[in-house]
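You will see subunit A twice below: alongside subunit B first, and alongside subunit C after that.
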Partner chain A sequence: MKRYDLIVAGAGPAGLSAAAEAAKCGMRVAVFDENAKPGGQLFKQIHKFFGSKAHKAKIRGFNIGSELLAEAERLGVEVFLNAPVLGLYDGREILVRIGDETRHYKGDSIIVATGASENMLAFPGWTLPGVMGAGAAQTMMNINRVRPGSRVLMLGSGNVGLVVGFQLLQAGCEVVAVADAAPRVGGYGVHAAKLARCGVPFYLSHTIVRAEGSDCVTGVTIGEVDSGWSVIPGTEKHFDADTICIAVGLSSATGLLKTAGCEMEDKGPFGRLPVCDEYGQTSITGIYACGDVSGIEEASSAMIEGRISGAAAANYLGFLPDAALKARAGELEQALEALREGMFAPKNRGKIPDKTDEGFDVSMSLLTRGYLDDAEVAGYPGVRSAAGTHPVIECTQNIPCNPCQDACPKGCITVGENIVALPQIDAGAECIGCGLCVASCSGQAIFLVNEDIGGGLASVTIPYEFLPAPKPGDTGVCLGRDGKPVCPGEVLEFKSPPAFDKTGLLTVAVPQAFCGRARFWKREA
Partner chain B sequence: MTERKLLSDLVPQPDDDMVVCRCEEITKGEIRRAVHDGMFNIHEARRFLRCGMGLCQGQTCGRLVKAIIARELGISQSELDDATGRAPMRPTEMRIIASEVFGE
Partner chain C sequence: MRIENHPILGEPEDAREVFFTFDGKQIKGREGEPIAAALRANGVLTHRYTKKLGLPRGVFCAIGRCTDCVMVVNGRPNVRTCVTPLAEGTAVETQYGAAARRGEAGK
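Up next is the complex of A and B:
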């Protein structure tokens, strides 16, 4: 039987990170994955990641995937694809299906990084073609380049629902609504705001009553729910739609850990999860779990957890001295802790703070309608009025993200040591209008405004990731934060240099009175 | 294991004919009926109805079936076990399982 120092099940962000970290210590590592391509969910993620700049924030997910894969290959990690691990047995032996055979391998250590699967929801009509998981829609769009439909209703306002909803718009679909049974938007406000300003309505405290159609989805009815999650009669709303995306959470894919006999514990809404120590080691010595399989979090956290488990496996087999593990794990845990801070941290799940850490009111409009109310925007520390071109940062929730502060060559923007702090603008610093901050903001929440460009006009620069690229002189209508038309807008400039990594900067001229409200631009039909 | 208890009569619900386990085409009504017939956990429901025993091995319906059983019993979902984890983790043809390679 072929033997490796480390066998990793799952070539996603956690598994590849674990493999690379262990290989770096000199281990002979094999990674098995059931898919035809490595990278797990990373290659579906076309958006820029949040987080700390030191840990790959503002890099698009698929680029992180390529970097990780290149690193693993450089370090001599063997990656087996189309190779599902079917079982994990005593003595750290695995059974893998490869081609028309099942093969046995032995690992002196094992890391299970099998990720998660999407939760489904049953409602009348849910088996009709056209109802799919949001992740499935994302695979169709971003991996297979197939548009899942033309009119889509998204159920679920967590980050998956919001991110995939925006990508559906980018793919040219119409998103007829985002609905969620919860009374508040579950994901980052900045993600919701991107959808809202494109005109997508939010229906909180709403769920799907039924999908309509005989052979495929032709429509959907949603309704408002009461406190017992039952639909209140008379609140039903119908939408013509051919696609319904379900983004109601993920479940850890713990099957292999269960077959191995790892001890599991009930974690309430998170389901039954493996009992792990600080390094991800399960109740069975030498078997580790990291990434979504040990608890659902972001890919950024999964990659750090993977590195910690990889280093721990190396230490277990004597490839990494105790002191070196302690130092490495300490530095990684610090990064992980930073990602686990803020309003959306796992420990704050289900709580709705009414103030930010800094004491600013949390926008209820953002939480219930998906956008900041025009009247409340000026109260946040990133929003300042000034002469000349200056940034306006509509980042109003404590989320772990800081690329904007390093983006500005003039030191205009400060987040500080605590990466969940709201960005602040130094009123004394000079803005040269370079736009690097706009392109660096993964939440697309930074705008450049010049309140007076002469002739009664102002200019607003908007992050723009849609095709076709606008050209100077194009005319259209500017939409407000709520997605409703506010004024006409003529394109002054569109630039998308390589350093902006495909976030175009669209500058439009608007009547001066509207420079605080115009936040999106739509070509004239 | 949930204590065996007497349940109140099964009251029909309008969506009882909704398919919950797509692979084996088991409806919500059949699952509810099975609970009243004494299947008090996911293991018994699986053996009795085959829900979650098809191609996807309950990856889609596992949580849905669990929720229906819990609601019918009036207990929290966390009181119910998940389905047992068993190899093969993915549907695999018998001829492939039989083509077992130990050496390299």
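Up next is the complex of A and C:
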């Protein structure tokens, strides 16, 4: 039987990070993944990530995945693909299916990083072709490069639903609505606002009544729910649609940990999760769990948890001295803690504050309709009127993110030490209109405005990630935060230099009165 | 249904065009892509009909977990088409019931 110092089950961000960290300490490491491609969820993520530099913020997920894979390979990690781990047994032995055979491997330490699977929801018609997981839609469009459908209803307004919804638009699909049974948008406001200004309506407190069609989905009816989650008669709304995406949460894929006999505990809404110490070690010495399998979070936190577990496994087998583990884990935990703060942190789940940490009102419009109300925007610290070109930052919730601050060469934007703080504009600093902040903002929440470019016009610069690329002189209509037309807009400039990493900056001229409302642009049909 | 150009991902990697059959009809796909992707690109959404009620099923998870997408591939039933790569000449058939083609046992 082949033996390794460390065996990792799952080649997602957690597993690859754990493998790289352990290999760096000199361990012989093998990673097994059931997929044909490594990277787990990461390779489907085509948006720029949140966090700070330490978390690889503003880099797109799939690029983070490529870097991670290259690192693991450079360090000599052996990655086995199409290799599902079927069992994990006493004595840290695993059973893997490779081709038509099953093979046994022995690991002196084991890290389980099997991630999560999508939750499903049953409703009349849910088994029709055309109903699919949001992750499935993402795989189809971003990996297989095939549109999942043409008209899509997204059920679920958490980050997965919002992110996949926007990616559907980028793939050229129409998103007819985002519906969620909860009364509030579950994901980041900046993700919701991106969709809303493209004209996607949000239906909170709504669920699917039925999927329509006999051979495949041809439509969907949603309805408003009362406090007991029953549909209120008379509130049904029908949409023509050929696809229904379900994004109602993920569940940790703990199967292997259970077969190994690791102790599990009931974590309420988070499900049954393995009991782990601060390094991710389960109740069985030498077996670790990290990433989504030990509790659903994000790729950014999964990568840090992976590194902590990798270092701990190295320490357990004598590849890393105690003091070195302590130092490394300390630095990693600090990065992890920074991500676990803010309005959407796991510890704040289910609570809706009415004020931000700074004491600003939390926008209820953003939480119930997916966009900031025009009247409330000016109240946030990222929004100031000024002469000349200046940034307008519509980022109003405490989320762990700060690339905007790092981007500005002029020091116009401050988030501060605590990365969940709201970005503020420094009135003393002078904006040179370089646009780096717009392109770096993971939430596409920064606009540049010049309130007076002469002739009764103003200019608004919008982050734009759609094809075809607009050209100067193109005419169209500007949409408001709510996705409704507000005024005509003529393209002045479109630039997308390599440093902006595919976030184009679209500058349109609008009548002065609308520069505070025009937030998206649509070519004239 | 194919995304020829994408604002973030650009153009798809070059892949050889191959011919395969769906229920006997010859259609085109890209070598190495999952069979399910090739079918969807050709507008085929229904992969199989369930055994008892004959209800249609299609791609649901796209990562090989749910088995909703299984079809008869090169004569072998219950093949998960979302994780099985397409090759020149692959014969893909709608699956009726647990294990068979239309009219065979298992319907």
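Going forward, the second predicted complex is superposed on the first by the 525 of 525 C-alpha atoms of A that agree within 3 Å, B and C clash if a C-alpha of one lies under 4 Å from a C-alpha of the other, contacts with A are read in each partner's own complex, and residues count from 1 in each chain.
Everything that follows uses one rule, which is that a residue touches a chain if its C-beta (ideal position, glycine included) is under 8 Å from a C-beta of that chain, and two chains touch if they have at least 3 such contacts.
Keep in mind that this is a model prediction, so the values were computed, not measured.
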First (subunit B), second (subunit C), both or neither touched by A:G268: first
Which superposed partner A:S117 touches (first subunit B, second subunit C, both, neither): both
Touching partner for A:P129 - first (subunit B), second (subunit C), both, neither: second
Partner chain(s) touched by A:M27 [first = subunit B, second = subunit C, both, neither]: neither
Which superposed partner A:G172 touches (first subunit B, second subunit C, both, neither): second
Touched partner set for A:T254, first subunit B, second subunit C, both or neither: first
Touching partner for A:T102 - first (subunit B), second (subunit C), both, neither: first
Subunit B versus subunit C as contact partner of A:K2, first or second or both or neither: first
Touching partner for A:R145 - first (subunit B), second (subunit C), both, neither: second
Footprint overlap on subunit A, where subunit B in one structure and subunit C in the other make contact: 34, 117, 127
Footprint of subunit A on subunit C - complex, ascending: 1-3, 5-9, 12, 33-34, 36-37, 40-41, 45-47, 55-65, 68, 82-83, 85
Subunit A residues touching subunit B - in the complex, by the definition given at the top: 1-2, 34, 84-87, 89, 95, 97, 100-104, 117, 119-124, 126-127, 251, 254-259, 266, 268, 271-272
Contacting residues of subunit A [partner subunit C, same complex]: 34-36, 46, 60, 117-118, 127-133, 135-137, 139-142, 144-148, 170-172, 215-216, 465-467, 502, 504
Of subunit B, residues touching subunit A in the complex: 15, 18-20, 22, 28, 59-64, 78, 82, 84-90, 92, 95-97, 99-104
